[in-house]
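Two complexes follow with subunit A in common, the first pairing it with subunit B and the second with subunit C.
So, the complex of A and B:
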């Protein structure tokens, strides 16, 4: 029976309490450790389709009669379009429709950032559409852009109110501390640059709208598109069979989808609106830059007595304030903590969620600060972290549903202990060192979410969901969970995703919530189907249900009988077994978090500022691991993306006009395969969270990108004595830090010279 | 992008439009409207290609040079560290000498000095990738790795009209002429001749391990007791450095001061590398 419950929902670090209707979840968790299918490495069920180019992405969708849209964007960081004349553009060859400010959600006369969408048109070909952009006449009232985040804070130009957290008495604790460290840390603006750019194809059939879109959240696209267009939600069908990544920037329909829908309605033809790579780098969202002014006070033994942080988040024209102070508030047991976070509203392109928004930036500052405390006290950074371990949520003393961070530290120890050996391999200008950092993030379930499992006469199972696979291997993990519960071999399970008509509500592929939320729903649907299968088998073979089980695609009886599942399902003919399942609630009164540790080994050329990451050890505590192969691939991907964020990637603006300068991939420098460390060692605690759902699994998508940058920076300090505090650690930042270290301490002694 | 016609002339004498060889830089420039071309002439098959003694055909790809045991180390290494394998397979050495700056202001079509405008936007703007020499009017950085290597190797260039030292191919932009090369309209590079050094080297600092233009590239070639140094990524043109001490004459912008330090370290290493052998 469904129950109405009050639960905490958390997506990307934003927590809200809400009523939800959940199904009772009567299933006990499986025992820990590898099972028949779950917990064992499985190659991607759709790997072959993807590798052979057969998988159909949104970028591949070409409908008969489809038009191509192009968007008129502001050339100014702040301006108001006082006149938008579409006449000449409408008369251009191939142009079928054109819309201006107010005609579609997202198109506005007030352009608050360079590249803000103002008007759009659709033409027979993409070349015609782009050519016609030149013919849209716009008169601009150009205004002075606000580009400096500190100035925005001073002027009160903020998104929302400053967010404050205060506990204990920081000033008093700092006055009594044996050591106080104060420093300013910075992180840069980063661009997602998913392989598939943001895009949608919209097609109307009567009053029904089909949206093909590259999205992490087809359900939200359905609801938002319907609401924005003022049509019933059930009139919108959203399809995303395969997608080329999102990293958080594709959690909502975006202006391109709504522009395509409106143009399609006007033109009476399907319309494709696909961002170019340049548009992607201008207006498709970014990880906001931060300025972090942090203070830590500690006793001589390394115990933290006070933490204070002022966080200025350069959100841009639009966006939301991610929890950048979260790590300072939650990672270590510290009684006196004061944080304030500002969301600066600037004339820069909008912020969007990006793989662990807020915590990536917050852990950067906090974990560098902690190492600076350890250095001042001449303590081992790992010991300092263990000493300050929080046994309960330091914010509100809530117990953790499960926390194996100490186990992560213990597992990291042998890798941490390599540092004498690593340092001794310093050679000429190449100094080597080791650094570590702790990971903290969310990753609970985000109910509700629904799944079905259908058994047909062929003896195959089909998992039906309205979820999507962002590219992390969701299809495979869900197939493993269904196969395990059904007692079927993996290849007998098909998983349907990427179609809003294929199931009930399904959670966003974001906030590390997919496996933790959809997994329990799929398992409970499979359990329901298995139960029905056994009921039918018991009737067919005239035995008690209690003695029957399903193993490896066979119905087996406790007394030794065994029948292929098909012998029962064949009886069904056109009848089908449909199992239903839903994700149960999160444990009440408990904090569900994920943890981990990265240990990075680096080499720094102290004459040229070149930094090479030579080895990374990663251990994460995310509950039960469903697919160890997919999980390690997530960790490797997070580390590689994080290395780009640490060493080479930065979005640059012209400081006076606010124009995005890094629009192409020669200027915005993603890491290449040559930048990946020669060795990444990846481990999991792999212990189910006994309090969390019928699966005990937490999310893993975001955790691996969180600690890598501070682990690298701490390794740089270990290698060279230089404090890098600004991302990215380019040649100039590295050389600056080295110079500063030389000036501070003319003869650096911690390294053999 | 305006449409253009691609023609394949049968000889270099009949070229109508803009000559196209590898196209790795030209095609994006045409797409962005930075080179106006209603007609492109594919001369890839017409250009001398291959390495013959000290002479390298202008149509030789960077990949071919990189794999050739006959070219001096500095040039081979400069090619190996340039771009990506795909681009090196397409890009020709002749085209590489003429490739346009990566200055974002210039590439984005700002009305900058190099485009004929009044001022250099990079000087007051974002310029971490920009010049430390010859940057008074335009602070763009020349992106070619092979050009620096060839300068150090005392290369001579043969065109459809003349033979000239590579040093004379380049010029800083002036109020009267914003071009950075001295080629006349319709003049094509046909071959490049290098002198054989006793030792040579090319060292490159970039933002990532591969597939990035030089922040600083340093080429050194030793001919007997004489060592010639040339730098990439430090001036609007490939930069011949008379002596290591000339680094003291650099006039970096606030955001390019690190390049002097970088160049200093790489020059010392390059000198060490060519000191013997």
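So, the complex of A and C:
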């Protein structure tokens, strides 16, 4: 029976407590370790469609009569369009509709950043649409842009109020500390660059709207599009069968979807609005830059007595303040902590969630600071981390639902102990070293979410959900969970995703909440279907239900009888068994978090400043692992994306005009296969969280990108004695840090440079 | 009227001068397995083969192709690399995968037993934002060791 209860919900690091209606979750967890299907490596159930180029992405949707939209964007970082004249554009060849400020949500006369959308038009071909952009006459009242985050804070130009956390007495603790370290760390603005750009195709049939869109959150698109257009939510159908990546930037419909919907209504034809790669890199979201002024005080044995952090987050024209201070507040047991976070409102393109927003940046500063404390005290960095392990949430003493971070440290030890050997392989200008960093993130369930499991006379099972697979392997993990619970082989399970009419509400593919939320819903739906199947089988064979089970597609009786499932399902004819399931609540009064450790080995060319990552060891504590093969891909992908963040990626702005300079993929440097470390070793603690849902699985999408940059930077210090504190560690930054180290200490004690 | 030879078949189409090969394949011939991710020749998602050589179809004008045989992912659907990619989990979102497989097939056509360095060199122009690179490397090794050299060649 559904009941109303208070539970914590977390999306992209934002935690809130709210009343939600949840279904009873009566299932006991499976035993730990690999089962028949769950916990065993499975190739992706939709891998062949993707690899063979058969999968239909939004980019491949072509509807009869479809028009192509193009968007007029501000050439200024801050300006107001005082006049927008669409007449000449409307008269251009092929143009069927044009709209200006106020005509569609997202189109505004006030352009708060370079590339802000002002007007849009739709034409028969994409080339005609782009050509007609030149014919839209806009008069601009150009204003002075605000581009400096510190200046924005000084002027009070903020999104929301500064967010403060205070516990204990930091000043008193610092006064008594044996060592105090103060440093400023910086992270750069980063661009998601999913290979499928943001795009949507909208088609009206009467008062019903169908939206094909590249999205991480079908339900949010449905609700927001309906609300923005003022139509009932059930009139909007959202479809995203295959999706070419999101990384956090596709959690809502975006202006392109609303522009396509409005233009489609005006033109009476379907409209496609797809961002070009350049538009993608201007206005499709970013990981905001940060300036972090941090202080740590410690006793001689490495015990942290005080932590203080001021975080300036360059959010841009719009956005929300990610929890950048979260790691400082939660990762280590420290009684005296003071943090303040500012969300600077600037004339720059708005931020969007990007794979562990806030914690990627916060862990960068904190984990570098910790190594600087260890260096000053001449202590082993791993020992310092273990000494400051938090046994309960340091913010409010709440118990963790499960925490195996000490086990991660223990497993990391042999890799950490390679450092003497690694250093000794320094050769000519190449200096080698090892660094480590800890990861902390969320990953609990985010109820509600609903699933059905349908059994038909063929003896196959269909899992129905209204969620999406952004490329993380959701279809496969859900198929494994359903197969395990049903007692069916994996090939007998079909999973439907990517269509809002295929089920009830489904969670966002974000915040590392997909498997942890939809997994339990699918399992309970499968259990319901199995129970019904056994009820029918018991009647058919004239036995007690209690002696029947389903294994490998067969109904087996405790006394030894065995019948293929089809012997029962074929009796159904057109009748069907429909099992229903929902995600149950998170444990109350407990903190559900994920943890992990990365150990990086690097080589630094001290003459050219080139940095190569030669080996990464990663161990993560994320509860039960459903698909070890897919999980290892998530970890490797997070590490590689993180290496890009660390060494090469950076959105550049013209510092006076606010123009985005890095609009193309030759200017914005993504890592390639040649930048991949020759060796990545990936392990999981793989223990179900006994308090978390019927599955005990947490999310894994975000954790592996969190600790990689500080692990690399700490390895650089180990290799060269140089402190890199700003991302990315370009060759210029590396050479600057090497020069600074030489000036500070002409002869480095362990490794003369 | 333009004539194209694609995956062993012949096609006739009208195309304006500025039409790219990628647009012609996707929009005129309906071969949407070839993806356009940057449109400027920077990412490799649009890779196809011309007479067995990998080219970036998004910056190749369709009128410059001439009589050369075009091989797209649709012509490589039964290539052993497809299963090798799936088994190795070298596919995450999959948007770059067709281009990766075309580049890998072209490499193996020229060099049936590529070394790790040769794989990294040949595939360095194919970006994957999900970071499947270690699995791609593994898949190409696997494809190279399992398929006999003759079966690795695209039909021409």
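Here, the second predicted complex is superposed on the first by the 751 of 753 C-alpha atoms of A that agree within 3 Å, B and C clash if a C-alpha of one lies under 4 Å from a C-alpha of the other, contacts with A are read in each partner's own complex, and residues count from 1 in each chain.
Operating definition for what follows: a residue touches a chain if its C-beta (ideal position, glycine included) is under 8 Å from a C-beta of that chain, and two chains touch if they have at least 3 such contacts.
This one's a predicted model, so the numbers in the text were calculated from it and none came from an experiment.
After alignment on the shared subunit A, the placement of subunit B and subunit C results in a side-by-side fit free of clashes. Contact with subunit C, but none with subunit B, is seen for A:277 once the two complexes are overlaid on the shared chain. In the superposed model, A:245 makes contact with subunit C only, not with subunit B.
When the shared chain is aligned, no partner comes close enough to touch A:316: not subunit B, not subunit C.
When both complexes are overlaid on chain A, the residue A:648 reaches subunit B alone and has no touch with subunit C. Touched residues of subunit A, counted separately for subunit B and subunit C, are more numerous for C.
Using the contact criterion defined above for the overlaid structures, shared-chain residue A:671 touches subunit B and also reaches subunit C. Shared-chain residue A:609: touches subunit B; no touch with subunit C. In the superposed model, A:343 lies in contact with neither subunit B nor subunit C. After superposing the two complexes on their shared chain, the closest approach between C-alpha atoms of subunit B and subunit C is 5 Å. Annotation: subunit A residues 127, 664, 666, 671-672, 674 touch subunit B in one complex and subunit C in the other. Those residues of subunit C whose C-beta lies close enough to touch subunit A in the complex are 18, 26-27, 31-40, 42-43, 45, 72-74, 77, 82-83, 85-87, 89, 91-98, 101, 116, 119-121, 123-137. Put simply, subunit A touches subunit B in their complex at residues 127, 130, 429, 607-610, 612, 647-648, 652-656, 659, 661-664, 666-667, 669, 671-672, 674-675, 730-732, 735-736.
Within the complex formed with subunit C, the residues of subunit A that make contact are 43-44, 47-57, 59-60, 62, 127, 192-197, 242-245, 247, 276-277, 470-473, 629-630, 632-633, 636-641, 664-666, 670-674, 676, 678, 680. For subunit B in complex with subunit A, the residues that touch the partner chain are 1, 3, 84, 102, 104-105, 107-108, 121, 124-126, 128, 205, 207-213, 215, 255, 257-258, 261-262, 265-266, 269.
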